[in-house]
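Below is a structure I'd like to ask you about.
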Amino acid sequence: MDFRSDNVSGAAPEIMAALLEANKGDVSSYGADPFSAELDAAFSALFDHDCKVFPVATGTAANVLSLACLAPGYGAIYCHQDAHIAVDECNAPEFYTGGAKLVTLPGANGKIDLAALEAQLALGWTGSQHSAQPAAVSITQATEAGTVYSPDEVADIAHRCKAHGLKLHMDGARFANAVAGLNCAPADLTWRAGVDVLSFGATKNGAMSAEAVVFFKPELAESFLYRRKRGGHLFSKSRYLSVQLLAMLENNLWLRLAREANARARELADGLGKLPGAKVVWPVQANEVFVQLPAAAAAAMRQRGALFHTWSEADSLYRFVCAFDKSSADTAALVRAATEALA
Amino acid sequence: MDFRSDNVSGAAPEIMAALLEANKGDVSSYGADPFSAELDAAFSALFDHDCKVFPVATGTAANVLSLACLAPGYGAIYCHQDAHIAVDECNAPEFYTGGAKLVTLPGANGKIDLAALEAQLALGWTGSQHSAQPAAVSITQATEAGTVYSPDEVADIAHRCKAHGLKLHMDGARFANAVAGLNCAPADLTWRAGVDVLSFGATKNGAMSAEAVVFFKPELAESFLYRRKRGGHLFSKSRYLSVQLLAMLENNLWLRLAREANARARELADGLGKLPGAKVVWPVQANEVFVQLPAAAAAAMRQRGALFHTWSEADSLYRFVCAFDKSSADTAALVRAATEALA
Amino acid sequence: MDFRSDNVSGAAPEIMAALLEANKGDVSSYGADPFSAELDAAFSALFDHDCKVFPVATGTAANVLSLACLAPGYGAIYCHQDAHIAVDECNAPEFYTGGAKLVTLPGANGKIDLAALEAQLALGWTGSQHSAQPAAVSITQATEAGTVYSPDEVADIAHRCKAHGLKLHMDGARFANAVAGLNCAPADLTWRAGVDVLSFGATKNGAMSAEAVVFFKPELAESFLYRRKRGGHLFSKSRYLSVQLLAMLENNLWLRLAREANARARELADGLGKLPGAKVVWPVQANEVFVQLPAAAAAAMRQRGALFHTWSEADSLYRFVCAFDKSSADTAALVRAATEALA
Amino acid sequence: MDFRSDNVSGAAPEIMAALLEANKGDVSSYGADPFSAELDAAFSALFDHDCKVFPVATGTAANVLSLACLAPGYGAIYCHQDAHIAVDECNAPEFYTGGAKLVTLPGANGKIDLAALEAQLALGWTGSQHSAQPAAVSITQATEAGTVYSPDEVADIAHRCKAHGLKLHMDGARFANAVAGLNCAPADLTWRAGVDVLSFGATKNGAMSAEAVVFFKPELAESFLYRRKRGGHLFSKSRYLSVQLLAMLENNLWLRLAREANARARELADGLGKLPGAKVVWPVQANEVFVQLPAAAAAAMRQRGALFHTWSEADSLYRFVCAFDKSSADTAALVRAATEALA
C-alpha cells in the first residue's frame, strides 16, 4: 500500500509484454528501428494532428529538451511556483537552455494565476537588453496539486502567450490522468487550445521508463535531435523506449490505466474527506489527493503499512498518489483504518 | 546477420528475466530501491576495491557525467582523435563540462600515442590564464579500432596523468570485451593501473539500456547526484537500470556474453583474413574486425543478407561488430559467402 | 541636470589624469604591468586584510565572475527580489555559473528579509538530488532602494550563511556610497562581518570603467583567472583598468567622491521631502532618493531640464540618483523648481 | 624597445584626446549616448555597406560574441590550428556558444588549408544526430603567422562556407594591418568576399581597449544585445568605447597607425633577414616578423634592452611584433645590434 508516488509502481503487464516482444531479433539502432518509425503516425492519430514525436526515458529529459527548443539562454520561462521544473529538477531547465531564467508565479490550486502572468509580461522585458527575454510559459497538467487545467484555462494562457510572442509548453507527466479526469479529446487539451510542445508522460502511468516529446509545430523541433544526443538521451537501443509508448497508445491502454488511478484517488478522497476533522484541500481531478487529517488517522493508516507523504507537518496535510495498479481494496483498507482510528 | 554494431541486438534472456522479476511490487523511487542499494557492493566485489557506482541509461551519459566530475569548463580533456566522445556524441562532453575542450591525439591502432600526449602536456598550459587547463585524459577500452590497452599501457598513460595532475577516465562501452580479450582481472585494467573513473558499459554487451559509472575514488563523485539529475538522467523507476547491472554481474554473465562476442570476431577475422586479397588491418582483440576485402567478397556477403559498415570506401575497408548473440553458424556463413565469391 | 543614474556622468579629473599618466611607454600586457601588480597591496591596506584583487571593466562582470567562483551550475544563490543580478543582468549569473538558480527573496527597504532567507534555507535542499544546492547569498550594498545594510545586518546574514555552508557575496556597485553613508571602516562592512567576496564598484563613483573583485579568502579565487579569460574579461592593456582603481584609492578619492554624491542626495531628500504632498519612501542612506511627488512638481523640474526616472507611475514615485559631480546648485535648482510649482 | 606584442604599447594621442573630449558632461548610459549612435553610420561608410556595429572592450569578447551568434552549442566551428580562438582564449568560444566544438585545421603560413577544410566538410556531419553540426568558419586576418589572406583567398573559403551553409567570421584583431598590407578596400576583404561578421580590432592598433563587432548581415545580430549583456560586456559608460572607435575611423587614423606598424616590421624583416644564418620564415605582410636567427644575434639585441618572444627554442625562431608607436630608430638599433654581434 504505497501511495507515496505513482512511480513506486512497476510497469503494467502490457508494457512488459511489449518489451519482451520487441526484444526479438536485430533492428537498426539509434531510432532507426521499425518501432520508432511508428511514433509520429501513432501520436498524430491520437492527437488528430501532424505531430513530430521523440521518445526519451525521463520526465525531466522530456521537459528540458522541450524547453531548450523554445527558450534561449537569455530567455525567461514562466511557470507556477510549485512546478516540477522549478523545484524538483536540480536546475535541469537552466542547464539545458544554457541559463534561461524560470520566473515562478503564484496561483491557487497549483495553476498559474492569470493576473500574475499578465503582470509579469507587462514589465516590458521584451527588447530590453538588461532583461531576460520572455520566451515561453510551461504549465503542468495535471498540476502538482492534483488539479487539471480545463481546455478553456489552457486557451486563456495560450492567448497571453500568443499576444506576447511566447511559446507554450505543457509538462504532461500526468497528462493521461488529466485527460481521463476531464474526459476530453487530447487535441482539445493541447494544440487546439494553443499548446506548442507536450511532454507526454508514460512512466508514472505504468510504463517502465518512457516519455514522448510531442511537437505540434514541427518547425520547433529542428534542433531536437542534436539537443537530445548532446544531452546523452539518445538510446542506442531505442526500440525499448518506442515500444513502451506504442503499447500505451494501443487500445487506449494509457487512458485505461489513468482512469484506474483516478478512480482510486476519487475513492480515497471520498472516504477520507468525510472523516471528522478531515478536509480535502484541492479539487481531486486526477490521481492525487491532498487531505488534512487528524494525526490519529494518519498514524493508523501508517500502522497498517500504508506509505504516503506528509505534505505539511504544520497543517497536518498529507498527499496520496494513486498508481494505475492500486486496487479499490487498497483504498478501502486505508479509509477503514482511518475511520476506525477516529471512531 | 547484422554485424553493423553490437547495439542492433536485443537484450540477453537473463536481462529480460531480471527485469520481469524486478517488476513485481512497489519500491522506493529515484534510486532508493533495494536493487540500486546493492550496486556499490556488487561492483566493489567485482573490482576488489571500494567503488561508488551510479547507473545511467546511455553510454554518452556515463561518459559525460564522468567527465563533468573531472574537468571544469575551462579545462582540457585529452583523448584519441577517433574517440567516441570526440566524434560521436554531438558535443555532449562540451555541454556537460560547461565548455571544456577535447584535445584530440593521434595514435596507431586506436590508442593514444604516448609521445603525442607528452608533447601536448609539455606545452605548459597549466597555470596560464590564456589556456584551457589540463584536467583529464579519457581512453577507450576496447578502442574504436577493436584493440585493447594492456594494463601496462593503461599504467603508462596514468603515469603521465599523475605527473601532470590529470585524472584518468576510461570509456568502457566495451570494457567487457576488453577484459574478456585480455583475460585479466578487472582491477588490473582499472584502478590498479591508475584509472579514476570507468564508464562500465552493459548495453552493447546484452543489456537493454544500462551503464554504470564506477568511481574508484569516492571523493570524485561528490557532485555526481546533482549532475545526473540536472542532466535528466535520474530514473524515477531506477530499479530497472540497477537490476540489469546486477544481472550482468551475477555469475559473471557480463564476461560470458563478451567472450561469445569476442569468439565470433576471432572466427570472422580468421576466416576472412586468409582470403586472397584480404587484410585484417588492426589486431582483433575484442569483438570488432576491420578488414580490407575484395569488393566481390563484400558484395557476396551482403547478397546473403549480411549487414556491416563500409569503413572506408577508398580502402575497401569494412567493419564487422559481433554482438553476444551472434552464432558461429552466422560467422561461418559469412566466411563461406566471401570465400565462394573469390573462388 | 541628469539624475537618471550615476553612470550618466563622465570620469573624475583624477581618473583621467591617471589614465594619461599610465599611457606612457610600454608595459607588459594581460595584467603583468606594474600598476596591476599594486592592486593586492593597495586593497589589502584599505581593508586591513590580505586580499586577492582582480580588475574588470563592468559591474556585471564583477558580480558574475564572483558568483561563478562560489556556486556550481546545480547551485542556488539567494538574493533580494530587486537585486541587480536578478533583474538587470539578462541572465548573466545563470550564464557564468553554468545554470545556477537565483532564488529571490522579499524584504523591506531593498534588504533581504532574514525570516524569508531562513524559511528558504529550512526547505532542506542541501543534499537532496532533486534540488538546487544552496551555495551563496548575494547582498547589494548600497541596495537598489538607496539604503544600506549596517555591519550588524551584514553579520546577521553572514551568520545564516555560515550555519548552512553558504558563501556571502556583496554587490558593491555603490559600496563607496554605503561606506560614506555609514562612515564605518571598509573592513567592518565586509570581511569582519563575514563577506567572502566583494564587487567593489568604481564606475558609478567616477571611474571610466573599472571594478575590483576583492576576495577576502584567497582560496576562493583559485579559478578566477581562467573564468575571467574565458568570459573575455581579461584586458590586454590591463594597466588602464588597474590605474583607475589605484587612483580611486589614492588619498581616499573614492570616499571623497562618494561623500559628494551622498550629500547631494541628502540635499534633494531634505528639499523635496518637505514639499506639500511629498514623501521620501525609503531612508536616504547613500546617493539615491526615492520620493513621491505631486505631478506638478515633477513636471516643473523636467521643464527646467532635469532628467530623472519615474519609478512608479501609479504611485507618483520618482528616483533621483546623484553622481559625484553634481553640485549643490544643481540640487537647489531642482528643489526650487518643484517648490515654485507647488506654491 | 618592446617587440613582444602590439598590446604592450599605450594608446595613440588621438585616442586619448578623444577620450578626454568625450569625458565632458552627462550622456545616456548603456549605449544610448551620441557617440555610440554614430557607430553604424561610420562603419557603414567605411565598408560601403549597411553594417550593424557593437563596441566591446576585448578581442576575445568580440570573437566569442560573434561566434555565439553564428553557432549553436551543438555546432562545429572550423578554424586554423594556431587561431587565437583555439589556443589563446581559455575556452571562451566553447563557453559563449554553449559548447560548440572548434575543429582545428592545418595550413601553411597560418592560413587554413582549403583541402583540409573540404575534407572535414566532406565527412557528412550535417544532419547526423551524432555529430557536431557544421556552423561556421573563423579566419584570422592578419593571421597568427603575420600573413594575410588576399580577397581571393577569403572568397575561396567563403565559397565553401556558402556551399555547406556555414557562416564566415573574421577575427580581425589585426584587420587594420591586413588592410594596410594589402592596400585594398575594407569591403573587398570582407563582405564582398563573403565575410558575415568581423571582429574589427582597435586595441592592438593604438586604442586603449576597444573592438567593434561588425555584422554585414543585420539579421545575424538579432540576439547580440542580449548575449553582450549576459556576457557582462555592456559598458554603462559606453561612450568611452565608442569614441575610441570613432577616433580610429576619423581621417583614417586606423590605417595610418597600421601602416606605421607594418613599415617597422618591413624594416626589421629587411634588416634581420639578410644577416648571415638568418631566415624570415613566413611572408611579412602585416606587423609581425618571425625570423630564425643565430643565438648570438638574439642575445645581442636583448642585451641592448630589446624584448621579443622566442617562438621556438629548438628552431631558434623569434617573433617581433611592431606596434604603431615604434620608430625606425628602434628597428634600426635592433638590426644594428644583431649585425654587430654577427660581424
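Note that the chains are named A, B, C and D in the order they appear, and that numbering of residues resets to 1 at the start of each chain.
In this section, a residue touches a chain if its C-beta (ideal position, glycine included) is under 8 Å from a C-beta of that chain, and two chains touch if they have at least 3 such contacts.
It should be emphasised that the depicted structure is a prediction, and the values quoted were computed from it without experimental measurement.
> How short can a chain-to-chain path be from chain A to chain C, counted in steps between touching chains?
Contact-graph shortest path, chain A to chain C, evaluates to 1.
> Between A-B and A-D, which chain pair shares more contacting C-beta pairs?
A-B
> Can you work out the whole-Å distance between the CA centroids of chain A and chain D?
Chain centres of chain A and chain D, defined by C-alpha means, are spaced 51 Å apart.
> Averaging over Cα atoms per chain, report the distance between chain A and chain B in Å.
34
> Which positions in chain D are in touch with at least two other chains?
30, 73-74, 89-91, 94-95, 98-99, 129-130, 133, 226, 229-230, 234
> Would you tell me which residues of chain D are touching chain C in their complex?
Within the complex, chain D contacts chain C at residues 2, 4-5, 7-11, 16, 19-20, 22-30, 56-61, 63-65, 89-92, 94-96, 203-204, 208-209, 226, 229-237, 240, 307, 323.
> Which bits of chain A are touching chain D when the two form their complex?
Checking each residue of chain A against chain D gives 30-31, 72-74, 98-99, 129-130, 133, 223, 225-230, 234.
> Using the touch rule from the top, collect the residues of chain D that touch chain B in their complex.
Within the complex, chain D contacts chain B at residues 73-75, 87-91, 94-95, 98-102, 129-133.
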